[in-house]
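Order as written gives the chain letters A, B, C, D, E and F; numbering starts at 1 within each chain.
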Amino acid sequence: MNHDKNQKKRGIIVGRFQPYHLGHHNAVKNILQEMDELAIVIGSSDDSYNLQNPFTSGERLEMICGALKKDRLYEKCFIAQVPDVNENSLWTSKIISYFPAFEVVYTNNPLVKQLFEKAGYSTKKMVSNLKDIDGMKIRQLMFSGKDWKKLVPASVADYLEKIGAEKRIKAIIEKEEKE
Amino acid sequence: MNHDKNQKKRGIIVGRFQPYHLGHHNAVKNILQEMDELAIVIGSSDDSYNLQNPFTSGERLEMICGALKKDRLYEKCFIAQVPDVNENSLWTSKIISYFPAFEVVYTNNPLVKQLFEKAGYSTKKMVSNLKDIDGMKIRQLMFSGKDWKKLVPASVADYLEKIGAEKRIKAIIEKEEKE
Amino acid sequence: MNHDKNQKKRGIIVGRFQPYHLGHHNAVKNILQEMDELAIVIGSSDDSYNLQNPFTSGERLEMICGALKKDRLYEKCFIAQVPDVNENSLWTSKIISYFPAFEVVYTNNPLVKQLFEKAGYSTKKMVSNLKDIDGMKIRQLMFSGKDWKKLVPASVADYLEKIGAEKRIKAIIEKEEKE
Amino acid sequence: MNHDKNQKKRGIIVGRFQPYHLGHHNAVKNILQEMDELAIVIGSSDDSYNLQNPFTSGERLEMICGALKKDRLYEKCFIAQVPDVNENSLWTSKIISYFPAFEVVYTNNPLVKQLFEKAGYSTKKMVSNLKDIDGMKIRQLMFSGKDWKKLVPASVADYLEKIGAEKRIKAIIEKEEKE
Amino acid sequence: MNHDKNQKKRGIIVGRFQPYHLGHHNAVKNILQEMDELAIVIGSSDDSYNLQNPFTSGERLEMICGALKKDRLYEKCFIAQVPDVNENSLWTSKIISYFPAFEVVYTNNPLVKQLFEKAGYSTKKMVSNLKDIDGMKIRQLMFSGKDWKKLVPASVADYLEKIGAEKRIKAIIEKEEKE
Amino acid sequence: MNHDKNQKKRGIIVGRFQPYHLGHHNAVKNILQEMDELAIVIGSSDDSYNLQNPFTSGERLEMICGALKKDRLYEKCFIAQVPDVNENSLWTSKIISYFPAFEVVYTNNPLVKQLFEKAGYSTKKMVSNLKDIDGMKIRQLMFSGKDWKKLVPASVADYLEKIGAEKRIKAIIEKEEKE
């Protein structure tokens, strides 16, 4: 209802991308098999330097754009940065305000599915061939100094090393443990 | 200090893009003569349906991406959506949080220039060959039903027509006059 | 779409009610000729002690409930208190979050009409037989010490006198003039 | 001090009403034995679609008004919707801003009691004959698909069924478990 | 009510101190003739780099502490930094939350007087022997490059020169004129 | 970079001071051996009446100023009250906005250290001879009615007794256990 009828078919995914990993990247590729264009929405864009969201939304934008450009997918994608909204009942309106026109919401989150269906959108499962990769696992590997680099696109691994991701995550966790 | 040393030289511009017009578009082209990449920051991303900000940040993202893709400039650009921050003293940190790595800030706003220079960035004039176009003039033409379409990229004119921009601006102004 | 299908037909009006006056009260009676129930939404519920919103939302609730109970209309009405939302694009969702189920929006505000129609609701003109009464005029009469009491329901006049409305408005205006 | 001296004696209760259940409803009836009028304050009015607050404040308003009207108690009640305030030290002022005039605060919460007594109000225990019913228990029964309907007024059970309460709570809990 | 009964008599003043000038400083000295201690509350502490509030609350803290220390008054003073509260009805509670114990509010603002009296405090006129000095006048002199230094304590003049106050105010005003 | 070059050397510490205890007080004395002046920043200044932050920032200001004045240290100190900022990436800018000029940040928190070093400041360990005292332990002693008074400066113990600290903490904890 809130979306325009474009000729091009557009999907949308919403995530925190802490960090953007190969599971995300594979799902993006899969969706682009079915849709002409894809909007990647970076949620919790105001959060950073905490346990669940160590990286700023700008850093996440860099990771995503870097990986997409490398694989020549950027031209087909839009990246939106959306702050959290206190009231979950306003959440779909917030997403639409930051990215207005799409047809299919790809999600595995049952609440996201329910909220978008209530708002009149169709939803589909987000399928990744690498579904056992998730952000929390990567952050834990970073903390414990184990190998996490093979779980993210190469350009993301370089970027995270450059900004000192491991050291940041260690400082965040040490601080949390103190409080 | 907050920026990484990329090989590629990156500029940044910050605007509200209500709407994205030929003045902006020409400046973008000019900057891309000097810089490898450009970040276009959509400010006041939370504002919409009011006099100064009739369009949502998502609609502005559509306008900008549409025009850049048409002219094959999208690959060299990043688009960030940044909400206003109450405290102006935090504003540069907010921008950096939404887009971290750049060298030169292009701006004609004396306060933006002062704040970024205080934060250690170099600044340059933003030069447009079409400098007498501005957003407020276009919004006034929309309100009075005069021709504004030649002042924006063709793809933007189509988009604004599709979302009923004139009707929206008239409703906003009528409402303001009542209060 | 977001509303349930009740048997009873429900209308909704949104206002700031600074103060609740005979123009409002007459419109409420007119709507209740056409609808079984009416939701009265007190907007800007967080605002108070300023020029446009001198009274707290609680004081406005008292005025409205007092007048409705006096005229035996309370049983057919719901009163909601809704804070402003920064982003106008989220405004209808906010109203729906504070009062979910209604069919017809009564409004003379062109932007309210446009936003609710975009969200799939039908709208109607709000008709008052006393249409030259408005809140700003009453607040000005209060400031200048002229007679405003005949423009509000008797119970509202009593209430406003009890809480010292005139003295409050004078203090607010004197303060504004100083800044 | 902040309250007016009405002839009618007024009590106040504050709750989240997730959902409004027979324990609440019985306490309301008990208070109306002692007081002429009662203000029911819906707290956390901005919260919804999360574990502690699955229902919007509008949905809670519907539940409360429905049950009160059914039992012919609505005429004696006021319903206020109050967003959370970040600073607990401002909380009583916030309540007073949303509902100004009352004499006795009915509460079993030791902090609510302490804050209102500090602000000069008298407090009393809120007594329900059905004191082993609480919102969390009902939400857990909803999640596990067990019978919860006998714990809420019949009109509330109908309403919750109509809006798909069980399905919503399941989606919220599944989502929480994932994060 | 919210204040403790100290032996020492305490006054309070609330201002924005943009900048702290000789009018303020003289009033402070006058109050300290009558009271043992004085709390100086820096309001709008979140505002900076705008027309009404060019200086951060930290810069204002520096100005005030510098002038008080110079004149050996600091030992008798407390400085509090209080952000604006959206809801004016919560304003006195906010002040009390940031500085709890005082007896007399010194103010020439009729709304401040009314709000504190409503909260049970006594109020007095704030008397300065230099009453024709005000912040707006000083900011205008700064903008037009005329002499403003004799209107502020010498230590404040030095500080404002060091942080480039004139240049900042010019940039702020030029920016405002553009929008 | 954001700090002025004063002749006097200034340190800064940031804490929540719930309550201000002998560990803090000893560290303050130690820092004042090395630095001419010290800024004590009261963080989370908007939080109060909750588990982690039972006392308002005003009450904490009273505790700190009382203890400093008693020991004739107040003249060398500045006290700032800083609300939390949602975005941790803006945190150092927020501190600087509330207290602009300092050289050395004293902290034992690894994230604070990392954030200030990223912003160009030098950091040092905060050394207390009484390092096994911490706020959480004191709050637990208050809750269980055991002796906590010897862990805070005598003036702080008197103040906390006067404002009913034990009773407040018990009410907060009882409330938390209920939810």
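Details
Methods note: contacts are C-beta pairs under 8 Å (C-beta built on N, C-alpha and C of every residue); 3 or more make two chains touch, one makes a residue touch a chain.
Predicted, not measured: the structure shown is a model, and the values here were computed from it.
Annotation: the D-F interface is duplicated by A-D among the options A-D, D-E or A-B, judged by over half of the residue-numbered contact pairs being identical. For chain pairs B-E and E-F, the one joined by more C-beta pairs in contact is E-F. Each chain gets a centre from the mean of its Cα atoms; for chain B and chain C, those two points are 37 Å apart.
Our note on geometry: chain B versus chain F, Cα centroid distance of 42 Å, whole angstroms.
Chain contacts: chain D has residues 46, 48, 56, 87, 89, 96-97 touching two or more partner chains.
Residue ranges of chain D in contact with chain E, taken from their complex: 1-2, 85, 87, 89-90, 92-94, 96-97, 118-120. Here chain E touches chain F in the complex through residues 4, 45-46, 48, 56-59, 61-62, 65, 69, 74-75, 78-83, 96-101, 162-163, going by the rule given at the top.
Residues of chain F touching chain D in their complex: 46-50, 56, 167-168, 170-172, 174-175, 178-179. Within the complex formed with chain B, the residues of chain C that make contact are 52, 86-89, 91, 109-115.
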